[in-house]
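Letters A, B, C, D, E and F name the chains as they come in the text, with residue numbers starting at 1 for each one.
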Amino acid sequence: MTENQIKKIGIFKCGNIGTSPLLELLLDELADRKDITVRIVSTGSKMGAEDVEEALPKIFELNPDLLIVISPNTALLGPGKVREKMSSSGLPGIVISDAPGKRAKEEIEEQGLGYIIITGDPLIGARKQFLDPIEMAIFNSNISKVLAITGVYRIVHQEIDRVIYAIEKKQKPDLPKLIVDLKTVRNRSELKNPYAKAKALAAYGLAEKIAEINVQACFIEKESQKYIPLVACSHEIAQAAARLAEEAREIEKYNDTVVRKPHAKNGRLKNKTKLLSNAVFDEDAIEKINGES
Amino acid sequence: MTENQIKKIGIFKCGNIGTSPLLELLLDELADRKDITVRIVSTGSKMGAEDVEEALPKIFELNPDLLIVISPNTALLGPGKVREKMSSSGLPGIVISDAPGKRAKEEIEEQGLGYIIITGDPLIGARKQFLDPIEMAIFNSNISKVLAITGVYRIVHQEIDRVIYAIEKKQKPDLPKLIVDLKTVRNRSELKNPYAKAKALAAYGLAEKIAEINVQACFIEKESQKYIPLVACSHEIAQAAARLAEEAREIEKYNDTVVRKPHAKNGRLKNKTKLLSNAVFDEDAIEKINGES
Amino acid sequence: MTENQIKKIGIFKCGNIGTSPLLELLLDELADRKDITVRIVSTGSKMGAEDVEEALPKIFELNPDLLIVISPNTALLGPGKVREKMSSSGLPGIVISDAPGKRAKEEIEEQGLGYIIITGDPLIGARKQFLDPIEMAIFNSNISKVLAITGVYRIVHQEIDRVIYAIEKKQKPDLPKLIVDLKTVRNRSELKNPYAKAKALAAYGLAEKIAEINVQACFIEKESQKYIPLVACSHEIAQAAARLAEEAREIEKYNDTVVRKPHAKNGRLKNKTKLLSNAVFDEDAIEKINGES
Amino acid sequence: MTENQIKKIGIFKCGNIGTSPLLELLLDELADRKDITVRIVSTGSKMGAEDVEEALPKIFELNPDLLIVISPNTALLGPGKVREKMSSSGLPGIVISDAPGKRAKEEIEEQGLGYIIITGDPLIGARKQFLDPIEMAIFNSNISKVLAITGVYRIVHQEIDRVIYAIEKKQKPDLPKLIVDLKTVRNRSELKNPYAKAKALAAYGLAEKIAEINVQACFIEKESQKYIPLVACSHEIAQAAARLAEEAREIEKYNDTVVRKPHAKNGRLKNKTKLLSNAVFDEDAIEKINGES
Amino acid sequence: MTENQIKKIGIFKCGNIGTSPLLELLLDELADRKDITVRIVSTGSKMGAEDVEEALPKIFELNPDLLIVISPNTALLGPGKVREKMSSSGLPGIVISDAPGKRAKEEIEEQGLGYIIITGDPLIGARKQFLDPIEMAIFNSNISKVLAITGVYRIVHQEIDRVIYAIEKKQKPDLPKLIVDLKTVRNRSELKNPYAKAKALAAYGLAEKIAEINVQACFIEKESQKYIPLVACSHEIAQAAARLAEEAREIEKYNDTVVRKPHAKNGRLKNKTKLLSNAVFDEDAIEKINGES
Amino acid sequence: MTENQIKKIGIFKCGNIGTSPLLELLLDELADRKDITVRIVSTGSKMGAEDVEEALPKIFELNPDLLIVISPNTALLGPGKVREKMSSSGLPGIVISDAPGKRAKEEIEEQGLGYIIITGDPLIGARKQFLDPIEMAIFNSNISKVLAITGVYRIVHQEIDRVIYAIEKKQKPDLPKLIVDLKTVRNRSELKNPYAKAKALAAYGLAEKIAEINVQACFIEKESQKYIPLVACSHEIAQAAARLAEEAREIEKYNDTVVRKPHAKNGRLKNKTKLLSNAVFDEDAIEKINGES
């Protein structure tokens, strides 16, 4: 691969979901991929139309070959504006969002964009009587662990990787159209032990329940004595979900069957299971590989 | 506060440390601060000079009132370039980095920048035979939990808040000059129960140990049979540290003494301890408050 | 109270929910109440119309003063027959059932019966490739712990106790009309520590999620490779829920604030909180007491 | 099997031990056995002679083909009366009881009844200053988990199944004569991993210790300040025992070696070990099977 | 106190029980007591008559003011010889042993020696198919934790301290005559929270159960397939007991009520409860104190 | 082996490290070795020159064939005197000490003695405001568990065994010269599962961190409000380390791969892995064996 083949991945973040904070790192976890660079522009926790208008041009100015927008509920005004601009830009684009984003599914398809809707990436308990920076960080830590171990982060980076490989081969990428719900997680799980998988599914089911309770707590209950117990409850579920996910991974450790898929320097995934063995290229990836590793 | 008083916080991220992924969210966890907007530009996991050169201008183009750069080892070439540009821009600037960044301390002071060096924000076990996107995410999840609960994230956002308040009052900000080590964590801990504090300190001590072992594993050991056990060991310590931190917070929950400091809409911190009580403005903050909450 | 004032409580069980196995014991946990006797007739795990027809007369022959029927989905044929007979008998009657029973709510009201519908008493993962006697017992053990600690069992026995007291005073009993959902559990919780309460609510929320997943696994998925992971997942959630509930009670133990309400010999509830203190009669119960304790 | 071959199992419960609440469910956990129906009559937590006299006839009126009585200490007056009636009825009968029931062993044999005496089904901490409905339910939950996982419930249902099969084949059943102590549990354990078995044995040993302490606490100590710590201690042991048992089962899950023996529709046991495999009929059961499954 | 008032404590160990390895350290945990020196002679794990004969004279040659012998079953030949020599020496002497030592109680009293018999210091699972140096060390670690936290080690050092104080005051010491069983532990517990105490008692009850099972496994069962599961089971109970004890102490930490009684330099006990408070002399010790601390 | 071939191992202890309390038991855990006797003389927790002078002759008077001294920091005056005497005695001698003992390494070599310096055998938090006999015992329990499971105790007894075998064969023993640090533990680990090994290494890394923090807390910080949180923190790390070690061993149990190496009666090590298999002589030991087992 020559240097001018390097593809640039642009990520625009507005507002935050559990998949947002580590998204760019999932694509180049060892910081040594030679086939891509990644650039991110973000409006932080806010996602208003004015935030988007000011910041969005910056990601276009960086001339990305692929654009990804990640936000809560992509059907809202701010994220909606991002999709419009992405769609009209003609660049390949992927929308990543949480359960309420399902409403925009058809619109996204019409816009010619791909999407990954993660039903188990739940609304945080955003109530001032409960959520401060520390509580927010702990919640994100727990959700990250759940999404990592259950395989959601794997799905996310593999879907994006697949698009990148197509772009590199100058093919029209087949953009992902994916609702990641409990069944998707079940079907795409890489966990070897069936009880590890059951625990991971349980963790994901819990994450879905968090969303349900937080919608009630954040948008319906008015009195603090009513909603505080509910947001506290949903964050306890987040902790329980993280523990279940961790337990699932421990099972795989106990059996030395943790699947690892690091990115090689050429961007392709290597694969290993036994900890002390060597990672090799994924079988179905091998034919495509002609660069360094 | 009128709208044109809104201050813009620019964050430039190159490479990743445990404080990076959630940094902007710490400043506006409820997405409703009226006194600031936050904009982030990032080069993802890479931090080379060329990454910096391309992306850095974008954050300046967004006209921030305060600039923050966060990266591993700020003494390296890429982050070093960022500091140079920040220094020559004349904007108030803060450098956040990990233990190896200590080397640049004097240089940073000469550059007129503030700094927060976090000795317990450890190098990840970045070996291709071990680290894949999932393992990376789990590590970050664990370190986030440690840094949140031990109080490091509190220190970080309070130091930045302090600078923002000064800018809002058109004062020359007193930029932070802070090495956050075990003693700092001990001295600034908000944990009420002394054993909770002891467990939090233990978690932070573990995080320091991770860094020590990963330096050995990533830069000194050559054979995979030698370094894999070490990076696996350091990530186990990360998990143990997260559990210890969690245990510390559980103690506070058991006693209903969790300190919460949410940002009010005017940007000042409210404060509460008993879960079902109401958050009120921090005593020493009260005199400064004249806006809505 | 003289001996001929002893009231007889008849319980008819057909099929099993998590509240069934211990129901009669909740009413007389120390086996020394002098105001009631309890008799139970049950058809075991089956709940067909023919089972009901054969066994139901036996409970009437025992001449109860109050009749309780407990079953899964009271809207089904078998349990429906029980309600008909109870209604036409003219005896005060209470129906206890799980979430699908909600459908029969209006019918029950028309029948003049009381009801306690417990949304967090979930369907078991009744698939032959998964459920054997041991797995069934473990699931019931976990659900029992959740329903006991979250306060559902307290609600159940207090509602029945209230009816018994009315019958003893020759008053027309005010039969319970109660959907026990997450909000009911929140509002009637006796847990003192707010985080204990949050964890108990979380446990109850998990129990609701189990039901949702098991409906999918038992009635919709056809292939064993699809439904086994789901029933295994739901039973893992049951275990996680039991642990959360246990954790909630541990908090109360840690603070020596476990509320205990043993039945006195006269059937009234005593009350104590500190473990080494003495139980006394419930304040609002005191005026009514004129018998021994 | 034709419908008129259906056998009816009558269970009479007076008072409660840890094996009582789920006994009938162990026989037909999926509620789809075509070879048996199960009917239960119970006097609840009380077990006096007058309770027995009133309720016992009901179970005979239901014309069972096999009678089972389960109670604490079968040597007491109430349960003793049940055995007398069972013996004189000429029906095949099985007595299930706890450790103090050992005293009646010879009497039971003379009565021509079978017995299963479970030394690890312990007396509850029945002191009014400690035991309320919630504490009672938690204790039963813990003991159920121990008896399920250690294999005691398996022994119980297999012994009864064996008798049922004999009756179906019109053979004189070989009634069980079994003291289930630590050695029995060791010898009949189905746990595959030797440490899982060791933990299960440990759980059972703990259950035996509970009984020892509760006898002291309930019958010997007079002052509440003396006996409360002892009953609280014994219930803590119950919790520890449940955790040990759970740990034992987790080991089997980790190795995907959980033995499952669901009842087929024809009443015979199927058997499976790997979670995603299919249950097949027990080898030694195969020759006997000619019905549907 | 002048230097020539320093008293010498002689400890003779033959064979090992859970109280042996740390015994001398309990008397001078900070190595700064000015009132005593401690000398130990030991025959290691062996306790034969010939071991005693060779090694015992050495402890007499060191001229102790008080002699302590600690061994398993003091009724055996080797330890019996030690007691004889101690008795005839005329020195104040204390025998520390485990449950089987109870047999020698009267003999010890006739010998004019004191004794502390610890019923919860259990026989190890000493079978060559199970016990190696590592398993032995883990068992001792677990038992140590139980004996420390339940208060047994406190009883031991306080009883010895009491004798030392008497010798220092030239009084005839009132030698301990103590069977430390579950009731002793209950009565002398320093744990403040009643559930902590219940868990500690549970841990001690478990330790008693270990002894019972190991006697069966070591002396009665002959086949390795029979005794291995039993010794493995008893060591699992040891681990469960250590966890229960640890949990008891955690409760005290959570409430900041851990009682600490360090030895002052003058040998008297100081006392503190809140971790950040200062230790002061025990109230009932105060009158006796005239030296430095 | 004839009786007069029995070798006598003399151990002199002054002061205490985590390896001290169980050292002699590691050599003869079943108390049935026929090839050695072990004699110990100790000065308890004190290690002053005067303690050594009085007690040391006793161990020489017992005529050992091999001498071992174990103490904290062997470079200090008291332990230094022991080494001098050992060196001039001409007996084979081994020094066991903790990290600060590294300073004396060259001196020990010049003295012709062997050494085992254990960097993860940490200084205790010896502050009177924190350490009492109970806290001391708990710390030792935790460190023992770490040193046992990580393999340090195995290294210690195997090194000593090796010397004993040489003496028995009348060869000049090759005395150990060993710094046991994280790499040694990694290289000599007997744990089969790589994650078990990683957790064990983590535990050992934590033990090293304890030492670092306690040096700060015991020798540098002066105010109790500064050092109490640090010693409390280091003891929390000890507890976390013990849990990690325990977890490592649990993994091996889960896989039935716990390596056991009991001493045979002839002193050679047997070896077994599966719990229910029979221990056999170590392969490389077999040729040397001609005695009973």
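We adopt the following convention: contacts are C-beta pairs under 8 Å (C-beta built on N, C-alpha and C of every residue); 3 or more make two chains touch, one makes a residue touch a chain.
Keep in mind that what you see is a predicted model, and the values were worked out from it rather than measured.
Looking at the partners of chain D and chain E together, the chains they share are C, F. Counting steps between touching chains, the shortest path from chain C to chain F takes 2. Taking the mean Cα position of each chain as its centre, A sits at the greatest distance from chain E. At the interface between chain E and chain F, two copies of one sequence, more than half of the residue numbers in use appear on both sides, so the contact is built from largely the same positions.
Residue-number overlap of contact pairs with A-C passes half for only one option from C-D, E-F or D-E: D-E. One rotation lays the C-alpha atoms of chain C on chain D, and its angle is 180 degrees to the nearest 5.
The distance from the centre of chain B to the centre of chain E, with each centre set as the mean of the Cα atoms, comes to 49 Å.
Mean C-alpha position of chain B lies 42 Å from that of chain F.
Averaged Cα coordinates give chain A a centre that lies 22 Å from the centre of chain B. Across the assembly, chain F contributes 194-195, 228, 232, 254-255, 275-276 as residues in contact with two or more other chains. Of all possible chain pairs, the ones that touch are A-B, A-C, A-D, A-F, B-C, B-E, B-F, C-D, C-E, D-E, D-F, E-F.
Across the complex, chain F is touched by residues 193-195, 251, 254-255 of chain D. Across the complex, chain E is touched by residues 13, 15-16, 21-22, 24-32, 37-47, 51, 54-55, 58, 61-62, 126, 128-138, 140-142, 144-145, 147-149, 153-154, 157, 224-225, 228, 232, 239, 242, 246, 249, 260-264, 270, 272, 275-276, 278-279 of chain F.
Across the complex, chain C meets chain E through its residues 253-256, 274-276. The part of chain E that touches chain D in the complex is made up of residues 182, 186, 194-195, 197-199, 201-202, 205-206, 208-209, 213, 226, 228-230, 232-237, 240, 243-244.
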